[in-house]
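Note that the chains take the letters A, B, C and D in the order they are written out, and that residue 1 is the start of every chain.
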């Protein structure tokens, strides 16, 4: 954490990020090709302070998107973790259904949009479903890999000390898989935001994704940029929260030298 | 070795009479290999490890030493033949034959103390307080009293190995099997741990099968050295090591030690050439 | 083969400063590696042996003091001669390039130094493999396909083809079993007899050190400095039977006395630092 | 395996046809999908016998390929420079870290705004995800190279150019290929969204369009096609990777040679 802070706070990093904004500003002011209709950073800030910082509609977009991410993410955990465990521990079940899972996995989550809208009664539930799909496959695969990577020595040791099956599952297998669950969570939260934003642009009238898209449609590039930055910030915050939860889940990793 | 343990070791390891010999009788074992069909690791292998001795099984890497350990511990079963402890055949893992793994098998998500009391706790043969007391006693004896509440990854390699030995000993096994327990440690730490283990053994005389690929380690510890050759694994030679006990590192410069060493090296070279 | 290659280390001090806690790795450390001699350095882990070797190789700089190669300044606090093929390192965990064949690995030095063309370099590499005991059959193998002992031999050959003045061996036989190790000792002794480079060998193994070296340097625990300097006057060529001689035993006793005290100090400190 | 797949398809059929749940009844059943897919005269105009079907595949594949190779050409050198030169990494790494939290798909509107036309915009967002994956994995690959390899090369007299050619590129290659596979998957992911939002051809576009035109079986056909094409493209990368990293194969495939 501290290290990361140091590396982003080094002066070269500042120079690079400042340079980025400067080029953006100059491109707009000089009306370079493509930038004629673009807003420059100062205009974006002005717009934000003047019209958005106090705007309920804007903050509601945050809440809406966060809710969708949260539900999609939680459902993906709720179904993904047990399914991954089942694939990992039950050979019969795996032989039966893993191929089906593998057939569905390469289909990009957003391709599910129309089916989801058809199937689910409300727009909200269909967006949550697509979000769920985005994280679900990654989580299952990670948990499954986690089960397969359990060190056989860890299981043998428990067995030879006389542990019953239930204890082996709860105290040896589950904790072994936690790091893989954590990896699935990190990847999952990033992809969830990605999916929510796209789904909102395609099939919703609310949320940060929609806000950004409307910025484009209504030719107010300031809004478009505000939307993007908000989404970036939201994604960053969620990742931080997820990382905190992960380190709480693995106290033994926190103390690693 | 750290003093000040309130615990009497015989309390922990049981009395000598509880120790038993462990054996393989005409054991065959093969494994499926992806590119070479099946590999016959053992064919009609018979070995008898007598009680109350420190047996060292020594051979080059890949000769089937670990498989031997796993068979004795009951992690794998022979295709043919029998493995047994005292008069009884064994087929499953059990707390009377405990194996200390190569590298480390401490569960990283449990503190050192939780790792050590796992056995008594899950079997329910001691109440929690009793188990904790015994574990703390052992940890103190092993110089790990200050580390009971740490996680394994906070320990140095040498400490992990000692914690693992404690994790096994608390269950009062009749036989200890150690599969290259000090591998991967630097030589100096290794030597110190060898002294540790030797002290422990000389105190308890617990039946031990110690697997290693290091000749120096074998000579320093053993009552008997079994030199193993491979494909299929067999015992090439058994050396009775008649060096005085208790031993310390002075012994490694004695004439007798060096003669044993020379003989063993000869034997090992021969086995490679054949 | 260049006949020079004497290293002189004088008054080296090295202080690492991670997060403000100054760690004195080496203090007042001086020693000599005479031209063509085999010097072994033993000491507890973390005593700064590898640091010293890295300085000679040109990977690191001292805080003060200097190291000279044939009376030329190699490193000091403000000079650092970059690594070069006159001082080649053989690494603890092996550093053969896994994506190049054995032959390509050995021929690599002359090719990148442009002292020889590819064809000629590979020809020489092949010769060297043969001289080292009919190893030509592994020329086309990748390092991952040969045993770890064989990998070490190839790595030493990869160094030798450059005719280095000094060969720096950083615990190269660590984690090998007794038989492979014993064979490696013989190979290394042969190589030293044939090519006569100066050799600095870092090891934890006393028997290995005495059997191979002309001089055994025992280092203290951190901050590292030379504790004892043991001259090994066993005749050459040497063979492993020599470990049975009284002379050897006597040397071994000397070394054990010096090393074990330091090892225990280091061990106990290591445990304390963790608590 | 076959039982698993068959029973799943049967379950799907049963749910759509025989259950009283409206939600399921609205979906197309597998039989009608397959009939439509292999029909010479499809009801909704797209089957394996129609030209348009392949046109959509071609469009999507073209976009994914262009985006992928752009990502490869820009991402790999950038990743290498970042991994090799700490100072360069201080600039580029900070900028990348700064931009990365913005999901690639959030770039769609701005891409349409700035770039001339929808086509470059779709390719741009597809490129963007692939680019991040490629760059970061290349960086990881370079960092994962054992530092002793660099030192050994220096000892042997290698110049920077030699080190780049003989150490960095071969050493990072396995990780680069892992990255390329991830990049390919991510590219398809973005492409579909991009096509849904701003394209007139392509699989993603057709999925949404079929929904608007109430041609439900076509949606499933397009989804399945996407799955197949996506899978094939990452399989292709895997095969190329295996070919290029021959030493890894051999090192683990064949047993250890005997020692003298």
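In this text, a residue touches a chain if its C-beta (ideal position, glycine included) is under 8 Å from a C-beta of that chain, and two chains touch if they have at least 3 such contacts.
From a predicted model like this one, the values you see are computed outputs, not experimental measurements.
Engineer: Looking at the contacts, which chains touch subunit B and subunit D alike?
Structural biologist: A, C
Engineer: What's the minimum number of touch steps needed to get from subunit C to subunit D?
Structural biologist: 1
Engineer: Go ahead and name the chain pair joined by the largest number of contacting C-beta pairs.
Structural biologist: Contact tally peaks for the chain pair A-D.
Engineer: Taking each chain's centre as the mean of its CA atoms, how far is subunit A from subunit B in angstrom?
Structural biologist: Here subunit A and subunit B have centroids separated by 48 Å.
Engineer: In whole angstrom, what separates the CA-based centres of subunit B and subunit C?
Structural biologist: Each chain reduced to its C-alpha mean, subunit B and subunit C end up 34 Å apart.
Engineer: What is the distance in Å between the mean C-alpha positions of subunit A and subunit D?
Structural biologist: Going by mean C-alpha positions, subunit A sits 18 Å from subunit D.
Engineer: At what distance in angstrom does the C-alpha mean of subunit C lie from that of subunit A?
Structural biologist: Centres of subunit A and subunit C (C-alpha means) sit 50 Å apart.
Engineer: For subunit D, what residues touch not just one other chain but two or more?
Structural biologist: 254, 256, 259 - these are the residues of subunit D that touch more than one other chain.
Engineer: Which positions in subunit C touch two or more other chains at once?
Structural biologist: Answer for subunit C, listing residues that touch two or more other chains: 180.
Engineer: Using the touch definition up top, name the residues of subunit B that touch subunit A in the complex.
Structural biologist: Going through subunit B, the ones touching subunit A are 73-75, 92-95, 97-99, 101, 105, 107-110, 118-119, 122-123, 150-154, 171.
Engineer: What part of subunit C is in contact with subunit D in the complex they form?
Structural biologist: My answer: residues 57-59, 82-85, 87-89, 91-93, 95, 97-100, 108-109, 112-113, 133-135, 138, 141-147, 149-150, 158-159, 162, 180, 183.
Engineer: In their complex, what parts of subunit C are in touch with subunit B?
Structural biologist: Going by the criterion above, the answer is residues 44-45, 174-175, 177-180, 182, 204-205, 207, 240-241, 243-244, 249, 252-253, 256, 259-260, 263-264, 266-267, 270-271, 274-275.
Engineer: Using the touch definition from the top, list the residues of subunit A that touch subunit B in their complex.
Structural biologist: Those residues of subunit A that touch subunit B are 151, 153-154, 156-164, 167, 171-172, 175-176, 178, 250-253, 255-257.
Engineer: Given the complex with subunit A, which residues does subunit D contribute to the contact?
Structural biologist: It is residues 1, 3-5, 7-8, 23-24, 26-27, 87, 90-95, 97-99, 101-110, 112-116, 185, 188-189, 191-193, 196-197, 203-204, 207-208, 210-211, 216, 219-220, 222-224, 226-228, 230-231, 234 of subunit D that touch subunit A.
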